[in-house]
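Chain IDs A, B, C, D and E follow the sequence of writing; residue 1 opens each chain.
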Amino acid sequence: MANRFEPVIAAFCCHYCSYTAADMAGSMRLSYPPNVHIIRVPCSGKVDAIHIMKAFEKGADGVYVAGCLEGDCHFKNGNVRAGRRVEYVKKLLDEIGIGGERLEMITMSAGMGELFARTASDFTEKIRKEGPNPVKSLPGAAVRSAAG
Amino acid sequence: MITAERKPMEEIMGYVEPCQRILLVGCNECVTVCAAGGRKEVGLLSSALQMAFMKSGKVLQVKELTLERQCDPEYVEELVREIDGVDAVLSMACGCGVQEIARRFRDKPVFPAVNTSFMGASERQGVWAERCQGCGNCVLGLTGGICPIARCSKRLLNGPCGGSTGGKCEISPDVDCAWHLIWERMKALGMEKSYEQVMPARDWRTSRDGGPRKIVREDLAL
Amino acid sequence: MGNRISSSLSNRVLVVGGGMGGIKTALDLAEAGRDVVLVDKAYSIGGFMTQLDRTFPTNNCDLCTISPFLSESGRNLHIELLTMTQVTEVKGEAGNFTVSLHTRPSFIDVSRCTACGACLKAFPECVRFTPGLDHRAPTCMRYPQATPNAYSIDIKKCSDIEALVKVCPAGAIIPDDVDRNRSLAVGAIVLSTGAELFNPDVLTDFGSGMYSNVITGYDYERILSASGPTGGILVRPSDGKAPKTIAWIQCVGSRGARPPYVSYCSSVCCMYAIKEAVVTKERFGDGIEATLFYMDMRTSGKDYELYYQRAKDEYGIHFVRSRPHTVEEIPETGDLSITYATTQSSSLEREVFDMVVLSTGFRVSPDVVALAGELGIELNRHNYAKTSSFDPVATSRPGIYVCGLFEAPKDIPETMVQASAAAHRASTNLTVSPKKEKDSEAFPPEKDVRGLDPRIGIFVCDCGNNIGGVIDVDEVVKYARGLPGVVSSERIGYGCGRDALSRIVSEIKAHDLNRVVIGGCSPRSHETLFQDTVRRAGLNKYLLEIANIRDQDTWVHADRPGDALDKAKDLIRMAACSVALTHPLKGHTVPVNKSVLVVGGGVTGMNAALGLADQGLKVFLVEKSNALGGVSTQLRRTLEGEDVRAYMETLIQETLHHDNIQVMTNAMIVDHSGMSGLFKTGLQVGPRWQYRQIEHGVAILATGAVPNRPKQYLLDEHEAVMTQLDLEGVIEDAPERVRGWRRVVMIQCVGSRTKENPNCSRICCQAAVKNALRILELNPEALITVLYRDMRTYGFQEDAFREARSRGVIFERYDVDDTPDVRGQGDEVTVLFKELILQRELELTADCLVLSTGLIADDEVTEELSMIFRLPRTTDGYFLEDHVKLRPVDLPVPGFFVAGTAHSPKTIRESVAQAHAVVARAMTVLAKDTMDLGAAVARVDADRCAACLICVRACPFGVPFINAEGYSEIDPAKCHGCGVCAAECPAKAIQLMEYEDDQIMAKLYGLLERVK
Amino acid sequence: MSFRKRLLAGEFVVLAEMDTPKGVDISDLINNARRIKGSVDAVVVPDMDKDVMRISALGGGVLMQQQGLEAIIRVCFRDRNRVALQGEILSAHVLGIQNLIVVPGEDVSFGDHIETKAVNDLDEIGLLKAIQSLEDGIDMAGFELKGAPSFTVGCTVAPYTDEEEMKREIAFAEKKIAAGAEFLIAPPVYDVAWFAKFVEGARTLGVPIIPTVFLLKSVGIARYISINEPSAHLPEDLVTRIRKSSDRTGECVKIAGETIRSLKGLSQGVQIDALGWEHLIPAILEQAEV
Amino acid sequence: MKTDSRLEKVLKTGGLAVTSECGPPRGAVPEKIREKAAMLKGYVDAINVTDNQTAVVRMSSLAACIFIRQMGLSAILQMVARDRNRIAMQSDILGAYSHGVDTMLCLSGDHPKFGDHPMAANVYDIDSVQMVQMVKQMRDEGTFQGGGDIENPPKMYIGAAANPFADPFELRVPRLAKKVTAGVDFIQTQCVYNLDKFERWMAQIRERGLHEKVHILAGITPMKSAGMARYMKNRVPGMDVPDELVNRMAGVPKEKQGAEGLTIAVESIERLKEVKGLSGFHIMAIEWEEKVPEIVERAGLLPRPEV
């Protein structure tokens, strides 16, 4: 397909589980769509709501936060917090008509290279169906004040 | 602390719809503490608003700024540097802050981005509950430190109504019966006896019912 | 373990052999503060592993995994490296050896050579050979990351020495270099001399040395290697054509009755052949047919069975159970015809292949045998160093230890384990060497970059073919040059190699760079290495970003090279945007608690505890049952005949009475906090659950596994049915019963290698052979039949297997899809099975049916501990080590280690080796007085803080508090660096260093820049 | 209201077991005491319980009273002869301790001083009678005291595996009550229905029964008890339930809370044994809704 | 005699008083009230008229009371603290008394959350205890809350409600005592189903001698069905319906459940008649007023005394 929509996806991955799973997918040579770009964070609990919002504002078509399995967080419950935060931002995205379904929280353990690859494929497919982020192609306009 | 929560996006978007440039002002006091209008929420709202309008092709310019306290004129004065050229101010502070900006900048529309709710305490992370109605005539000394005005659904001053069950208020099982709490506390403090003294009808003038209130400390207010 | 040494005169350890094992021993010792002399007879270290392409079971590129070790060993100040050096004589005794060393001339001043290659270009003839298939004039460096990073000259081959000397710009060539002898005092010696591979040219039937397309597995590795003779392109030697059909023949030179065959099994060939076949399929497409001819498939390592199954099911590799008869060349084509017989057909089959790979095994080289003679250590009948199951790395001569292939054939993880074990055993009773001032010597002062505009340097690895084989690295380099703030961009080959690292340093200096981006493999493996490199160039180590363009790009998008290239650019751009915002940071340190928590009081836990206690550390040994011993108390003898019971009794007594060990039985772990160096663990101890908390610097998990007891084949239903473990007891305690048996049947793989439990339990084949032989000792008339799927008597266990067969034990294979049927019949049981050669149903009536049930993970226990300690597990419930090959006993949580059957099923010998290994690994943490916590800590901007308490409540570790000034304060020594507070702070007053918001945003913006 | 008054008024009493430290650093003990103050009616201080040498019950009890908690101290005849015991009891009274629980000590082989000699000069009945006698102003040698102490005295019921053993324990308890025990501390309850049988059988004793509620803490401990302590009657479901939970500690707290809740109406209180995790007692009580 | 209230007179005789109640219609036609009142004529001593009960808007209690008065019957004006401030209350009391409504019941009132105007402001200027105090002050001291004198003060016979079953139970008697202190003359209780608990409550009242200071009328509500019993048990705050009662209702066929409910009501009255210190019954047959005469009759409470 020549004109297939190729979404841009940002994935916040925690160092201990999902980032390692991504590396694992690499050493297992599991192929997945190149649309997913990983940003490493120490813990999914580090991912601020504003990081997610800014990703969409700047034109990401989809974002997911990938943390450890529940109960396995290296920092006790950072993943649970991240999950709640993702829920909050999903609602906000729904409210402004961007669509909360463009954002997901996913959990996996360090050993789940296959799940990482599958998630990347599934999520890319899902966002492909959703279509492009509606704010894309318009120049952003944030003016940040020095005092802010 | 004064608690507040963000208004629905639709309402906020309705306010700023006609604007091209707005100044979004947070406050680093109560609304920061109750996670409704601090720097972080300002950033989130700014981003959300820009996206919401960008979707329909409109570019909304948002200047973000968070004041130390929006209810003090000196801090509000900081806006002077920023306010030129904006069509409106969107405030994430409590009603005091919104009004302070409105007072200072007569020619700028000011819109609230949060609903100011109540004076409360945080029960735990992320949960705030009403504790005080600012009635101006505190009875806490007689009620074991638990306020029947703020915490009894019927503001009863002489004991629980007949609707409390298992320590919970009749309006919802999530709401503690204030009088149940008061009674437990009185027992713990050995104040049972004083319960039977009838608390007379109150003078509500100290509350809002006497008109808008003001505190003037003559020694301070030169 | 009798050879403890009371006093030592020299605290230095001599490590002989610079392969993977020797390097690991040297590094473990050095990290624990011991001085090491590492000698190798070759001109650079690295041994076999540097020559391999990728290693099983992760198919990682070997060089990538080994190179941090190589460069570290070259840099470590505790290690003195002597190449082209051999040991000629050893005098004295443990603690006080005098060693004579002989060093051959290399004609190069290693300290001056910059490895520029000018000599090679001008005089390619005066170089030594490169191993493997290389028929070009070889480069004189064996592989690009050679350590030491210098050339070596074979002066005899040089026609014009004067010209050669002149050609070197560094003036490093010394034509009059001479042999040198040196004598050295050392306290202990570790032999890691490795082994050689069998040369199949002496065999006539497989055509090796006669037909050019018959090569060895080792040659094949070189062909696949990006740094090998064909640059990683698969071609066959005869005509350079890409082969379409390749056959592997197993056990070439091994498991044979007559010389030149050896009788033992080389242990690694099954896995390496499968790996070669898999990599071939992976790299060169599905068009290639790969066939393996084997006798028994011996994939008994951790998760190896899964690898084998994947090779069969996913990669479609053909496995043919047969030992081929002959290989003949078809002269016109160079193709090869293999003649073989299978159980399925009575006649000989014949099949033609483009290429044949012979899986050859290990032999001890005559040099090593001579050295052993010189050292006076005992060898076994196969010329390997003789050791005991209970002290597997100690040779017969006190103070001399052995690890790796010279002890027995083994794979890399086991070599690594033994290397660490040897490091521990060698350092017991040696004093710690004086501290070296590492920082001041190695690192120049840090340059002040505050206020300077970013001057970013970008270095992109090609990682051999790993990156360069998928994308055009030069294009990435060119693209990066145009990014804002970038002043230099370069391609650096194997970025982790020595030359690349020093090039990075010189580039940083040359361009006055103040920020660095490396495009290469995962920061998880190489970040420290690159941080050290930028630090050596005078930059703070946090002014660095790594773009993971290998593990997360070229490895996963190899099928879409165009997209992979775009993504590599994206990743480099993101890193460049982010690195511009970095600023210098300082790591935080805390004191290390020098006690150790050992969980599990079995043979592994006790050995680890004793090892640590002997090193002077306080050990808390925690056992959940009411006594020490574990499963091993049920074992009576090893395969070699050693008395396990007597050993266990001594071990338990030693453990109970050691001054430095506090044993806690009936103890259950309930809570845990802290970080490496300062853990705190809560336990309930004793029959009445007293709660106590202990503080410790590291933790060792030796919780073991449990004997499997599946409800199969009438086990626990019929008197005559028992497990191998039960049988051990019967043999020892009720020999009269054994004497009465007429027929005994054993069934292998009961509850293992099944759908429910796909892994191999590793220990059952040798247990069956051992018990069969012991039954015959008591009752020579007994008829014993063993029903098996593959006999996995790896290494020297093969001798016992051979003996069992020769003494009449019948081994019958059964198929997994057609398992035997067992029925009770009075006191006896009837076993029905299908005999595969004649394809007929057989029925055996036995007085005793023995099930080889093996071990399974103690799921409930490992699950609970994994939750309390936050450790990952394998799907079958064993603890998952940090790196299968390079860190086999380290767990991913720093400060945690695993040993024994909690890691995977293993014999006592292997468990003890791991126990000794964890001691050495633990020592690397505990030898330090302080722990580096890194710089990722939360920092509060007091001006912004609203003292809202959200961080205080959100912190999972309760670190922040509101201080007297009224704002939140976070103690960097207590902060774990998760960043939850930073994400929750409503005033945006908290930033997590290394992961600051603007850096994360910069990455995002970098990513989304092209979206417009 | 004091423990005694509540007991007499038929109110549900909540007791917490507070182990004294082995050593003189009492900061954890004090911190935990402060944490649970106000949420329990009294604390039970064991006397070198689990046969581990540590701060004695009297010392611990006095520390608790200093923190404003009412203390119930255990007295055990394993380590002291009648002279020492009586002296200790008199000291307890003058130091403000009002409640005692007479316990048999476990065998010394369980503890950390296995080479010691157990005294066992008195037995439970003997010790109870001795207390009774002291309260009457006479010591065991028949000498008159100058001032007699008074206490609320309880005793314990040993674990019982089957109904036969249970009957034996009840019969023994009857003797202890006759010797002066005013309330019973029953063993840990995991299966309330099984405990209800005991209550049924012990109805005739006519004294308040306070069962122990044990904070399980982990699957390992639950599993161990279910295998090794048949008298505990720990249902397998409980082990599975903890195992399935993603927050195991929270689940254990919940279980303890639920047990307490279901004991309301069945027993006259509970003794919570949090095994060193006393900081979780408020959470348990929140679950228990007391 | 403090007032001219018929209820006061009946109570003074020492016999058992009987009251009932009727809820005004949700519309502007008085017929319904007249019908209901006519049914009760001769069977009860006075009729309570609820004040926007359960916070659902109905015709005002005051207007309905006037109709009942006009029929020659005695009406009890119920007044809740929820909807009026003290100015409105006092003015309504004056108006009521001018129409001959001389008995009233002071209540807190149900929270608007349950009614048809959950968005309405909640006044609660004063609570029920303070209302009792206020009415007594108007009657006995002849002054308004603001301190001014009342010309011809209203002589109201003052009642209040009590719920013996709400939590905390130990506060139920002190709360009543508080109303007694405030000056209440009679008490009508919440529906009594748990007779044991009610008797315990009465015992505590007698212990404190409160029965001598105030007349207590036990609330009786016949249950129409097992469904209603369950609803009352589970859904109505402050209601205590024992399980055996629910089971008893459920144990009879559906068509006979109404009759069973009436029998239970009658049995309850008969048992409570024996309770010392109890002064009568307040029969609240919610939307089932036609059964009140039957209950009164079967319970042996007829004839009503002429006073």
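The definition used in the following text is that a residue touches a chain if its C-beta (ideal position, glycine included) is under 8 Å from a C-beta of that chain, and two chains touch if they have at least 3 such contacts.
Nothing here was measured: the structure is a model prediction, and the numbers come from that model.
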Quiz item: Which chains are shared contacts of chain D and chain E?
Solution: none
Quiz item: Which chains are shared contacts of chain A and chain B?
Solution: C
Practice problem: Please find which chain has its CA centre nearest to the centre of all protein CA atoms in view. | Solution: A
Quiz item: What chain lies farthest away from chain B once each centre is taken as the mean of the Cα atoms?
Solution: C
Quiz prompt | Selected interface, B-C versus B-E, where C-beta contact pairs are more numerous | solution = B-E
Practice problem: Report the inter-chain centroid distance for chain A and chain E in whole angstrom, where each centroid is the mean of the CA atoms. | Solution: 63
Quiz item: Counting in whole Å, what is the centre-to-centre distance of chain A and chain D, each centre being its mean C-alpha position?
Solution: 54
Quiz item: Just curious, how far off is chain C from chain A if you go by their C-alpha centres, in Å?
Solution: 34
Quiz item: Can you list the residues of chain B that touch 2 or more other chains?
Solution: 39-40, 43, 66
Self-check item: Contacts with two or more other chains, residues of chain D listed in rising order
Solution: none
Exercise. Give the residues of chain A that touch two or more other chains, as numbers and ranges in rising order.
Key: 48-50, 54, 71, 139
Quiz item: Taking all chains into account, which pairs touch?
Solution: A-B, A-C, A-D, B-C, B-E, C-D
Exercise. Could you please specify the touching residues of chain C with respect to chain A in the complex?
Key: 58-60, 282, 522-524, 548, 550-553, 555-560, 563-564, 566-567, 570-571, 574, 866-867, 870, 872, 874-875, 880, 892-893, 936, 954, 956-957, 976-980, 982-984, 992, 994-995, 997, 1000-1001, 1003-1005, 1007-1008, 1011-1012
Quiz item: Where on chain D does chain C make contact in their complex?
Solution: 19, 22, 49-52, 106, 110-112, 217-221, 223-224, 243, 248-249, 275-277
Quiz item: What does chain B use to touch chain A in their complex?
Solution: 8-10, 13, 39-40, 42-44, 46-52, 54-55, 57, 59-66, 78, 81-82
Self-check item: For the chain C and chain B complex, residues of the former touching the latter
Solution: 944, 946-950, 953-954, 985-989
Quiz item: Across the complex, what residues on chain A touch chain B?
Solution: 48-50, 53-54, 56-57, 92, 95-98, 134-135, 138-145, 147-148
